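A, B, C, D, E and F are the chain letters, set down in written order, and residue numbers restart from 1 in every chain.
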């Protein structure tokens, strides 16, 4: 009997591993009452930059967070490009993902060539449905990079449609439109980014910086706008440069806290808000479900210590 | 210890089932030295019609056969259409698949609107690679239905490209170009369909007819060109109509045997060939690997009783 | 002589009927000095919801109103889809149209897949020209449904171009750019919907509710977001549900009146404005002709009893 | 009474004229048991060149013939182009049409830019259905001009689909797939044009030449490959040039008779065949209904004096 | 020796002339430390209208200014169209260009059909890179003409991407993102045009009006919205009409000065600002480099008499 | 005087070099009565493989030969990809070009993604016109690689259209349709490649092999289907591998001579034909001008020692 069981177990494990290896889209998590969040970025580093902190916070509470890069990032370097770079960057976000406790998927669209097509829209509809998302994050449609703008348009175009049964009838539709929110940015037109929710990421800032540090192609080496001078010339030089990158990333989240200090007060109370150093902010998209503050607190269970599921 | 093993096994099975349930694309079979065949059809019934017999023969030997419908068949009926019809037809081919011992996948493209786009080509490249196909079957590009022609073009466009590492770099490329072959048909221009391989399907003709019978929307009810008069009006009438459908299907395979009697002789010897009643024939596509007769015999292990793997 | 005339008349009528039956696009109305309004919606119910009241008011004065659904609505139900649903919905809007006294056309584009292509833009240019429109209504480009946004973009893209002779040279161009206006909505970004004109629809609110009631697939049965529980289980239950739907629709127009009470005052005077219960509001699109208040009063001849034509 | 009738007749006529003026697509003919033929050409002169003779023969028997130019011909001249040329050419084919007794429609697609898109395919599906065609003619897909090839592909793609109810569900489908045939041409690869039917057009050759003569932009002035030297410099010179054009056109039909003398014999008998001077030939497309010789004789009622309808 | 040199010089000149004649894209100017500005308009007259003054000012200082029309303007007339009109309009902008001292290129895209495709985006990326632009001007994305809006989108989509090496790797990338700015316009939604820089064009207003006068197809004859009444009937009438056109153009720049008098004060000081009659204004696009006021003064070296290069 | 001349010459040379450096499309050669040939291949090595011999022969006689790669070859390697590979391959064909005496241009389209779009067709129309080509070479549309097939379709689609003035009116049209011919290949369906002209390339076989040897990424390293084992491990190993590559290339041209020995006889006479070792063969495309044997001899001036120009 024991042998049989052992064999069955062994077989199962083998099959499992083979399945996991072969499956392109990571299997969605079980429906365990935890929150389910899916974040879209244009390139393999965008989600990490914009939601790496809040992602780590959710993950720490056992919620299910998935980062999706809508392009493969294959022109995101000054010396490398194409499939080899795409492969390198997928490994980088997988590394970051392990640090943050999140899941990651990279879609095989050319970097710099993302268009708001029906095909891409439907890919996103399927991903949101398969993740059974409660919350969907994306960039705003006002941004300096055309891929960012088009990622935003694609997510907007997927909003609501995820609830319509006979579009993409091969994937079960969502009964409720998720809440859709935008990452923050510094663009002012046609209207400035708002902080409808703002989260103190001090508890996980080091984890976030560690995760970003994994993406050497982008930050240490400078990505598309880097050049030879970015490359460390010695272990010592490398240390200096890595430190500079971390500092740059931290500064960005410091600036978010500074800019939205008032909103921090609304969520954390004035006293606590003053002490927040690093923050990530999010704006509600009008095309998803319109959450009450109460619902927002359930989706972002970081304001009173609770971590319960919202639905 | 036994309990631990039991628990592990249970867990594995649970995970396995959940993975299988959630994954859209059926997981590819293990690499066990068996043949791996992937067949493309335009609609959920085309592969079954063209290769249902040979599919059942391969399956009976433990080889891995996958039927892919490139459209979801959502206009393939005179009274029903859209997502509900697509769902019905997916279930039909799943039923057929269980009878034949094959695997099936239906792509969510509108029936009657399939175009030879780059996106569709890349979907097929990925499917062929994921299946690690030794052999790929498709319709010819000369056919009465635009979806059939475009399915053929898409498969032709995927041939060879499956071996190029940096197209679709997210899915491991194939080291060898598979053999690509076409189903047979009756079109004469610009040149008539050839029977480079022809297979006696008498041993499985009933299984094939059973599988086709499952697809009631298409055959019993007449599909896109049916009408009210196709609908059985009584159990008796139904029996009559089902029998007529079976006869029609059998006749098609009888005609193939008749038309290519000479070729049957080349594969089975004259004596045996004379006795073959039902056959399916296939023509080599010049854009895949060019197989020797020896290799063809390994890919179609039906001529001398052997069932070994070819690669 | 009389017989000849009778024969001619009979022949004419026959031809007329045959023409009307065969023509896909309803023939435009005669140029009789009456206003000519064309309204675009994404789905077969959008125009009726947004401009059913004002449409009935215009029609009652003998003006020519056409509602165009830019998609065929073929995924707008939780249980039905495809061509059969499109057919059902076309009949529904034809029914509504008979009640409102308006004309209706449904374009055969898939629901949920409308894209702002050149082909679609040119279809709209032709429709606006053929109707010789004085006024064109459409949704805003800020809306929860991608089809609504794309309908708006397409109409914006047709504005002005309708006056350029050598785009679509097969249809006579308009000498003047029509006035283009948007329906009202509740979206706030990048700026909230404005009520540049607001119309008291109390005189026709019942007619509007009757017309909406005809569209059972959408309102009684819940459309894409309905489910089994929407279906009436008895004549009594049906009555209750129909009443609830009417109430919901009325509430929407009540809210418009409430929200734009100030603007109502500007058009009707404070006293009269206070008594208005149901209203429809419209915002001027900057890409059409810029009408003076005087011209607006001619286009919306509802404020002082007159119903004269404006051009 | 008489006055009433007169008024009704007058009104009917007015409405009729206004309808005819405003309708873009000419209304299809009544269903009177006569044959219904629709011919597609890429440019406004292609149908006339390829089927002007047979068109005149059908028309003389009261059958309904429609010529459709799939592009507007707007680059078909060495000095003129764009909308003004498109307008000129539409008038030319309308003139030719009046001589031949056929109907004509010109689609507003740019000349030289025709692509085999889904939108164009669906336009053709609708036209074939609206005409309730028994027979559809088009160029072959092997031809020197990309617009000719794409016209052929579009017609091939429409074949069969005209019988499928839920593609273009806004236009009633055809119960039977029409017979599809190709015009003849001199291209040899991948196989030479065949004369499955060949028609003696001697009885109408003058009518055909007259109709072609109307298209001065193309033949007198040389079309896209003309130049200043084509332009007549005096009435005398004009006469000479017009005569040369007629001779050229006649020569083309003489060559067809010469090339397919054997096939002429099969249809007319050897004796009669020898006397045929001008002919037009047609090849059966495998994607339409496969007509027997008997059915062909009904579709081309020119071989034994009969002119009855075939269906 | 002298002869050899003469021969070499002659050869060089010959080659040079032949190169200049044959090259489609005008060769970019030498890198001589002067400013490099590239301006995009949708039609051959848009750049001249929006930046003809500032263009003449830059040119007078020896800076390098290129005007690009993204369409060929081939429907921009009420009587002419197609290639002949495109040719006429290219000659018109070449004439204007000679007056202003600028360079000009017209892309061969159909007027009225410009779409924000990847191909068009990449054409613009190449043009900006080849010009090694310091400053890029374009319309805003809020405008009455779809071609204007799409020109704006295409330029926005090119911003930043010009700095990414491996998009369009066949043209050397720019190390720095240029400054991108919008022309001014009168549209108010979603926010009104701003005058981040405003330039007194009084010194060149006559040159600008002269340049615009060259474009007779557009202004004297009325362009797409003209008609027979625009055509001068006598030399005297022509004089009157030309004068009226000049006045209209001047009025537009007068209105700009009036509207942004405050901003003129910020750049010229209150006293000088009051005297400015004609002005052109520009708004900073957030997707290019964000210039300081100091950098703006270098890019627009018109405020203190200097004309130095900024980089 | 001499100094002035020297300065002018220097200036000219400087300008020339700067022009040549900056111009994307190499300037077309002067019209000197020599033949003008343009060859299209899908990837940077296809023209060289198919027409490297005949190209060298033409060049040796002073004729003007241009090789165009329609894609940039950016997935044509097993380890490298993207822009860096495209750059490497452009340099390789430039090197090959210097050896052969030909000109080369590489279009920036992704390898493996070439589609027969209107944009690509028009690019080719412009290139053929700018080169004022007498003869155009391309692959056949029957070939294992989708990019090869699409290159063929694009060239076919450009044929004839190069003579139509108002397509691409920005580039002067050709008065005569060039002769279009296909490279030879081994595909049999729908009909085998024919040798309408066959050329003895023995005089330049070493030059051709030298030119191919420059393309190390493709041949020494194995291109897309190579792997680590292709890489030379020592100078000795390199020599061996280079020799093997040369042998392989030579064998291909040996096989062409062998296969078309009969046709060689028709062009060279039986005796001479027997001695030919290496050959390149070409088939006439029916969509270009139909050359007589006399004209072919002028286009391929290799059969009787003459090298005169044909037009």
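Observations
Keep this in mind: a contact is a pair of C-beta atoms (placed from the backbone, for glycine too) under 8 Å apart; a residue touches a chain by one contact, two chains touch by 3 or more.
Please read these numbers as outputs of a predicted model, since none were measured by experiment.
Touching chain A and chain E at once are the following chains: C, F.
Looking at chain E and chain F, the chains in contact with each of them are A, D.
Chain A and chain D have Cα centroids separated by 59 Å. A straight line joining the Cα centres of chain D and chain F is 41 Å long. Residue numbers of chain E whose C-beta contacts span two or more other chains: 74-75, 81-84, 165-167, 169, 190-191. If each chain is drawn as a node and touching chains are joined, the picture fits none of the line, ring, star or complete shapes. Chains touching one another form the pairs A-B, A-C, A-E, A-F, B-C, B-D, B-F, C-D, C-E, D-E, D-F, E-F. Contact residues of chain F toward chain A in the complex are 74-75, 79-85, 110.
Put simply, chain D touches chain B in their complex at residues 118, 121, 156-157, 159-161, 163-167, 169, 190-191, 286-287.
Contacts from chain D toward chain F in the complex involve residues 74-75, 77-78, 81-82, 112-113, 115, 142-146, 187-191, 224-225.
Interface residues of chain E facing chain F in the complex, by the touch rule stated above, are 1-2, 5-6, 8-9, 12-13, 15-16, 18-20, 22-25, 27-28, 30, 72, 82-84, 86-87, 90, 106, 108, 119, 122, 126, 130, 165-171.
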